[in-house]
Amino acid sequence: MIHKILITNRGEIAVRIIRTCRELGIKSVAVFSDVDRTAPHVLKADEAYNIGPAPSTDSYLNVQRILEVMQISEADAVHPGYGFLSENADFAETVIRAGLKWIGPPPEVIRLMGDKMAARNLAVSVQAPVVPGTTEPISHIGEALERANEIGFPVLVKAAGGGGGKGMRIVTHADELEAAVNRARSEAAKAFSDDRIYIEKYLEEPHHIEIQVFADTHGRVVSLGERECSIQRRYQKIIEETPSPFIDSQLRKKLSETAVEITRACRYTGAGTVEFLVDKYKNYYFLEMNTRLQVEHPVTEMVIGFDLVKEQLRVVEGKRLSFPDKPLHPRGHAIECRLYAENGFKNFAPSVGKILELDFPQGPGVRLDEGVRAGQEITPYYDPLLGKLITWGRNRTEALERMLRSLQEFHIVGIETSIPYCLLIIGHESFRAGKYCTKTLEEISGSLEKQGEQLSENAAIAAGVGAIRRDIISTPAPAAKTPDQNQCSPWSLQGRRNGLR
Amino acid sequence: MIHKILITNRGEIAVRIIRTCRELGIKSVAVFSDVDRTAPHVLKADEAYNIGPAPSTDSYLNVQRILEVMQISEADAVHPGYGFLSENADFAETVIRAGLKWIGPPPEVIRLMGDKMAARNLAVSVQAPVVPGTTEPISHIGEALERANEIGFPVLVKAAGGGGGKGMRIVTHADELEAAVNRARSEAAKAFSDDRIYIEKYLEEPHHIEIQVFADTHGRVVSLGERECSIQRRYQKIIEETPSPFIDSQLRKKLSETAVEITRACRYTGAGTVEFLVDKYKNYYFLEMNTRLQVEHPVTEMVIGFDLVKEQLRVVEGKRLSFPDKPLHPRGHAIECRLYAENGFKNFAPSVGKILELDFPQGPGVRLDEGVRAGQEITPYYDPLLGKLITWGRNRTEALERMLRSLQEFHIVGIETSIPYCLLIIGHESFRAGKYCTKTLEEISGSLEKQGEQLSENAAIAAGVGAIRRDIISTPAPAAKTPDQNQCSPWSLQGRRNGLR
Amino acid sequence: MKYLTTIGAVKLEFEVNPDTRPFGIELLKSSVKMDCRQLSPNSFSLLIDGKSYFLTITENDGGYAVTVNQKTVDVFVQDETGILLNKYGLSDSSSDTLGKIFVPIPGLIAKLFVSPGDIIEKDQKLFILEAMKMENEFTSPVAGTLSSIFVKTGDTVNKGTLIMEITI
Amino acid sequence: MKYLTTIGAVKLEFEVNPDTRPFGIELLKSSVKMDCRQLSPNSFSLLIDGKSYFLTITENDGGYAVTVNQKTVDVFVQDETGILLNKYGLSDSSSDTLGKIFVPIPGLIAKLFVSPGDIIEKDQKLFILEAMKMENEFTSPVAGTLSSIFVKTGDTVNKGTLIMEITI
């Protein structure tokens, strides 16, 4: 039995794990950096210990200090959350060597699945499809042509050191290949000083679909269904849902079976996620496996009704999973919006500052996993995730309507958030129709920005009245006016210009 | 189709109805009294109109003003919530005569079921059991003895004008009856100037169980299962749950069938609740029918997954209910705590004042239907219900653990609330074991009060440190002390004395 | 600077280090270090040897009402000066206000159980105040003689109204 | 007292009645009555002809950033004095600060795209600031000539640091 869990994380995931500990009567131990002394996870945990200065490398990644806290607190298990040390096999080994339970898969599994090539080989060994492509850099154009023909056009020419779309080219016909390879090579050489080039199959309208898997120490491996994660900005997910509006029951079955086989093959235990790419023709390809709890795990919890953190603890305690033997029947539909301290209309520029006022949405079908509180300073040191809003509905329409309703109920003063942007995405016809892929957000971002600037006449009058009222408050003698501030940043100026259009 | 709903209510139920309107794209119109200008239902509605001074009779019961708002706002339907005008058949008729839709059963059904004797007769006509007893006052002791023998001892001797336990006597043997009737009669004459006495069967360990029914205009009547409402203070419910830990599937079936028959017999439409008393031997008796949405409707919503307000609107629009034809399979367990501005340890004394700080619980399995906001003044004019906390779990244990966890997360400064009291009830062994009846709270209140006074040594040290810190803040020069305040009320003095034990 | 806190029968002495003030407070005798931060006007976070406490604190009757783990206790704080004054019997007593019965909420005086001149026992019923649709019974916090009643049945009274006075 | 508000291209004139101040504000020309209440330092409830608006308002660049229905606009307010000053061309211009590029968040200068003396076009990329694990591209709000750069690649900068200056 676990009695006390040290949570080596912060923000909403630390708070979420503390909540489960509370429900089970397990003591929770938080760690915090200097700037996080009054962060929610510190206030909500049973115990909390400082582990160093603000930068993650000095605190949340400071294994030495964390080891000391393990001893001081007499915790008997460590939950890493996601990010930070969660996929660090060496840390997992350190925890186990110190005599504590590691709430995650065994270190060797973390190491295996963390190596992209090894994970790909394991997937291939159980006949899981992987994106066809070269596994070694191409040395000359003849080889490129040969491999491209094997894979089938269109193909993607991409640089080894690439990322974020740089050094990437789509080639539709064989006769465009040479020029594309050459241009990609020279671009890559300039950008990353690395001219190694690979070729892989270009997927049309790809979807990012993942399967939540769970394995206990009694040999049971189950799939808990899929999550659709194709709404992404800068290759980061912002909106997830389950079930996927794109997946039919046949494909769902195939993805689940493949995920279970991969999970079994790598001798996994605990909660894991197998990620796939699925193209418009419903071809699917193994992408990678995340060996930890996923940010978007709540949408799965909402439809299956099980607390996944509780199941993680069961596995670590050597118990059997509590999912029934018969197939799970997910109920209804769930959608999650990640709420970031950033402005979607200004190229997702992060926003820092003090949260002056904060009201959360409530009512039927709404779950909020929050990581911030009123009065808290948002610092630039960590991921700008403020929390996650999850709505449940009998069907997709109801979940979507609740998401719009509850996003509208938010009230955050002091920082900019992605809430207005999420509202427009959820309200957009592509999302409403459930017809979107990983490229959709980029395609519609222009129209979202335009919508973001529109204000009805009534709302403009309301804004005017409010500003006058506020002006009267800050200017007791109506004639005296506060002079303009002397500083102005490009971002706020841009906001101003946008307002003037 | 309904386009705009006027909500003739305030507080959490008005907010809850507004939320459903938002999700459906229906405009919501709030009404408010002078003291409610900045109450949450006013802030959240699309429109809001003042209907008079603070006292309910001048505002929320002011039919003339409400009629004016119906016209000004061009609403096409009226939702009365519960309380206020919700069971006023004349008001329902007025609404319908004004050409608006009434979101509730037809006025004649409200009238019929609002007459206790008529409702009892209707129940008897469909062979529903009612509590055996006299329907006319007893004129002499011989008659009393005869009727008591028919009913079977123990019996309850009660006064016509009675209430709250006054003029009530339990009689176990025939030879105690005469004395009991005489004492009850003289007590009643003094207390209510009405010496009419009735005799009815005394129920042992009675449970208050109610069945949620729904009927559409196409002749379909369904039961949505029971709610256990036996945790009561001053004959008012404070904690409800579903399913009832006391009810087995056979009794559930019988209660549901009886409730459906009564609902059908009175030609009901919309949402209604049939209340029963069930004794320790599982005998059940029809009590009354509430012809409106019930305060505790959310626990039903949590386990069946349907929004009952949405179903109310479907019925009014002449649509069919959206519950599937096959029997509903409720999922998991739900518990509701009503959160009042009152102190459970001080005889439920109401608390008024300004809410200075307010943090709500969040996370998995938690729903809050709130009716207050930070900065709001709690006035003595209305029911002191601040909101309702509902938790869901896979099973009763999980729902209960979540209730404890989320009650702990509350943080309300400025008024006293029933949260500490609810925490102790939920944590009490009777509640944990699911073994309680309508008399339980009275029986355990002494032990709860004692628990309420206990503080661990660590918590006492923490309280001491906090008070010193606060003292330093309010006393810039450490030597100067604020003198004692001159006013002290019996309540705060009692709190002080309790603290000194 | 030494501080004495009184919570019911429990008395605890603390030492506040002026150098590390306002965060450094130690429990005398055990030297347990505490880190107390203000979160908002009435909320504080306290770490004692790693244990985390969330406190809400409001002023109350010359002391503080402190809520910890959803339990509220009254805490009285005395600094060195206060402790000395107390030692020499010089503390300012507030016993003369003890017999004054005020109502903490507005309402209607529904019933008076006592009359001027009555001998009043502690916890004896005094009157019923109707407020928020409920009857609230007020009992005497002290024993004594009822000297005056300032209201009559049916009166509507405001918060803080003096209802009666009992001479102890 | 007359007030002029500017929201983008929209200009609206209001009349504030000193008798009913602070609640009575009317839209000039149409006489629509409005009831505006402050809920907290930055939040307001407004009823216009029964329509309910929830506003959050913070100061911003000499004006106010007003959020209504989750949309934020910049509103500039001028009272009668300001309107008059403007009419005679006496308004205090802030154009001399337009070419000064500050960073609104702390971070690391990851890349500089321009050098002193460069002719800068509006919306041209200036530099990349790494903050919160992300690269943030800054573009020029104005056209002009880059007169000075106050940082170099690799510098860590605080919130509000002046990075470069563009002469318009």
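A few comments on the model shown:
Labels for the chains are A, B, C and D, by order of writing; each one numbers its residues from 1.
Note that in this section a residue touches a chain if its C-beta (ideal position, glycine included) is under 8 Å from a C-beta of that chain, and two chains touch if they have at least 3 such contacts.
Here the structure is a predicted model, which means the values were calculated and not measured.
Under the contact definition, subunit B and subunit C share the contacting chains A. Ranked by separation of Cα centres from subunit A, the top chain is C. Averaged Cα coordinates give subunit A a centre that lies 49 Å from the centre of subunit C. A straight line joining the Cα centres of subunit A and subunit B is 41 Å long. Measuring from the averaged C-alpha position of subunit A to that of subunit D gives a distance of 32 Å. Contact of a single residue of subunit D with at least two other chains is seen at positions 40, 51, 54.
Shared interface positions of subunit A, i.e. residues touching 2 or more other chains, are given as 44, 373-374, 408. Listed in rising order, the residues of subunit B touching subunit A in the complex are 15-16, 19-20, 22-25, 44, 298, 301, 305-307, 331-332, 359-360, 362-370, 373-374, 394, 398, 401-402, 404-405, 408-409.
If you check the complex, the residues on subunit D that touch subunit B are 35, 37, 39-40, 45, 47, 50-52, 54. Against subunit D, in their complex, subunit A makes its touches with residues 234, 347-352, 356-357, 380-384, 407-408, 410-411, 413-414, 416, 419-420, 423, 452, 454-455, 458-474, 478-479, 481-497, 499-501.
In the complex of the two chains, the subunit A residues touching subunit C come out as 29-30, 37-38, 42-49, 72-73, 373-375. Contact residues on subunit C toward subunit B in their complex (touch as defined above): 1, 3, 5, 7-10, 12, 14, 16, 21-22, 25, 27, 32, 34, 36, 38, 40-44, 46, 48, 51, 53-66, 68-82, 92, 94, 97-98, 100-107, 131-134, 136-141, 159-160.
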